[in-house]
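In the two assemblies presented below, chain A is common to both, partnered first by chain B and then by chain C.
Then we have the complex of A and B:
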């Protein structure tokens, strides 16, 4: 193991990690928004739009991210639609993630009992208030574990971005291998980079998950 | 009971689930300050009737007037009506993610847009009256069934309803907790609250009711005072219904 090589190129990985995190952040955020919107449309059976949401979910879940990215980055320019690689990455990731998040939210919505809705209606809540005060908080605490699992999954999927010439972690590693033939060192750094990002994040999310569920359903404090 | 103003008038109500007729030709007036207890064998449609009164069930024919307004017409703003009709469910249905106080204040603050200080004061007074003020910051899961149901009653009361609906509110409770809930309801009745109650507690029905409605196979077959109903039921079906309960008592006496 060439430690001097690792030390010399660590900066590149840090920079690439920044890009990866940046793209993942926007991708995950948009996924959550798309997912929430779609699941609401489907839950409330909003005419036409719920249909569109369902079609989108099928489309998204049944095509690989790599193909979606190729389509956006190499396909669309042929019909005159030019999108930057970064935008393609964020669009691609949220297109994929949106459907996963939608399914997670949906399972949460379905977990809210019909009688809870009736209780809410009985005190005069409108549909909007019912959604805000009863459905969303209850659904959210049920969905949280699978939402966080999706977030981690999406973060890992970013390793595909190098395919559309983005200088992310994977790209830097491939680059170094191509230039210096330090395959083992470069890949070790790649693995280490993802672990350094994902491990603390997983632990953090698990903590958040516990906190949210703890608060939502009002366990007595442990004392 | 003197002839008070009619608060809820049901005329010619028919309710269907697909091809099955759950209720047929129901005519019923509920007057202010009156306690109406609805009895009948299970599956007779008594809960359904109660649920029609606040629009949880859509009716097929007939109409319901509440406070002089037809509420079964197209375009009825149910949230507005339901503020004035409290409902308590068999399974309590407190909101698990909110504290007791938050449960009670949700309606007054968000629906009725009342001042927090004023609403909270009322909530605390009511909680105190059912002996649960010390649990106001607890979550529902920390409470027993009887406590939850008393909170559910307070939640409905805090909306200052003109009518309260009780749908088998003690059916899910352990026997020793039934009493604490029924006592709250008796107290309410004494204070002159207008109530429609579906129950299987016969002794309670007799004690609390101004009027007994007996429903069988989706039809009202008898409207009587509790005295009349429990001593001389008019129909053979009501007689048989009551015998089931009497039999248990007689049987018990023989053994002791």
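Then we have the complex of A and C:
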């Protein structure tokens, strides 16, 4: 193991990790928004839009991110739609993630008991209030475990971005292997980078999960 | 003529070549799914072991597979292991190996969840009527656990099929690679080829995965009642 080599190129990995995290952050944020919107449309059976949301979810869940990215990055420019690699990455990631988040929110909504809704209606809440004060808080605490799992999943999916020429962690590692033939050093740094990003995050999210589940209806009696 | 780029798909043997590439992808997926199904069940049962050490070792394996992206695992085996052992492994072999390792871990976790969700008295009742440990699994645990794990296992299968699209990055000539070849060789006649080729591949994946996930959803709703 050539530690001097590692020290010399560590900066590249830090930079790449920054790019990965930046793109993942926007991708995950947009995924959450898309997912919440879609799941609300479906939950309230909004005409036409709930259909569109369902079709979108099936399309996005049953196709690989790599193909989605290739279509956005190499296909669309041919009909005049030019999107930068970074924008492609964020669009692709949120296109994929939106459906996963929607499914997580949906299972949360379904877990809110019917009696809860009826109680809310009987004290005269409007539909918006019902959503804001009764449905979302309870649904959210049920969805949290799978939402956080999705976030980690999406963060890992960013490793594909190198395929559309973004200088992410994979890209740097491949570059170093190709240029200097320092396979072990490059791969070790690659694995270390992902561990440094993902390990603390998964521990943090597990902690958040425990905290938020506390709000769940019936939590106190279950323990 | 470049008015209708979609024609590139029907030019010469392009369509059959793409489908041939898809078959390579599917082969990798099917072999890995078969291996994962068998090893995953065994791994899942091992994970329910009483021994703390065994459980910890299983847990480390599962978490290690989970926390590192699959693409990184493909790189580790394709570039790292081959260099360390000074051997040559084909991209195809590495793909099947990595997908099986991943599938076994995930499948094992699904099996573990299903087995542990069965009430303890089922196992005890089996023992009480004098079944051997093997018979308890054969007649009591497995039939009941299968119902609980099948929807999740089918979901895993679609995830694996989708993820096989990554193998193009370690040089396996599958559907995406064939698509790239077609795009490049038709760049003069059909400048818009990439739109249609990637569009078609997108659709092909959907056509394969959608029925499977529909099936899993149906099983889930049917068995819930």
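Simple rule for what comes next: the second predicted complex is superposed on the first by the 214 of 223 C-alpha atoms of A that agree within 3 Å, B and C clash if a C-alpha of one lies under 4 Å from a C-alpha of the other, contacts with A are read in each partner's own complex, and residues count from 1 in each chain.
Just so it is clear, a contact is a pair of C-beta atoms (placed from the backbone, for glycine too) under 8 Å apart; a residue touches a chain by one contact, two chains touch by 3 or more.
Small disclaimer: the values here were computed from a predicted structure and weren't measured.
Asks: Now for A:170: first (chain B), second (chain C), both, or neither, which partner does it touch?
Replies: second
Asks: Of the two partners chain B and chain C, which one touches more residues belonging to chain A?
Replies: Comparing chain B with chain C, the partner touching more chain A residues is C.
Asks: Looking at the overlay, does A:44 come into contact with chain B only (first), chain C only (second), both, or neither?
Replies: In the superposed model, A:44 contacts neither chain B nor chain C.
Asks: One more residue to check, A:119. First (chain B), second (chain C), both or neither?
Replies: first
Asks: Once chain A of both complexes is superposed, is A:183 in touch with chain B (first), chain C (second), both, or neither?
Replies: In the superposition, A:183 touches chain C alone.
Asks: Looking at the overlay, what does A:26 touch: chain B (first), chain C (second), both, or neither?
Replies: neither
Asks: Regarding the shared-chain residue A:138, is it in contact with chain B (first), chain C (second), both, or neither?
Replies: first
Asks: Touch test for A:129: chain B only (first), chain C only (second), both, or neither?
Replies: Touch status of A:129: first partner only.
Asks: Taking the touch rule as given, give the residues of chain A at its contact with chain C in the complex, in rising order.
Replies: 58-59, 61-64, 66-68, 70-71, 74-76, 78-79, 156-157, 159-160, 162-163, 170, 173-174, 177, 183-184, 187, 190-191, 194-195, 198-199, 202
Asks: Given the complex with chain A, which residues does chain B contribute to the contact?
Replies: It is residues 54, 56, 78-80, 82-83, 85-87, 89, 91, 93-97, 99, 106-107, 110-112, 138-142, 155-156, 159 of chain B that touch chain A.
Asks: Please output the residues of chain C touching chain A within their complex, sorted ascending.
Replies: 5, 67-72, 75-76, 79-80, 83-84, 158, 162-163, 165-166, 168-169, 176, 183, 191-199, 201-202, 205-206, 209-210, 213
Asks: Using the touch definition up top, name the residues of chain A that touch chain B in the complex.
Replies: That would be residues 115-116, 118-126, 129, 133-134, 137-138, 141, 215-220 of chain A.
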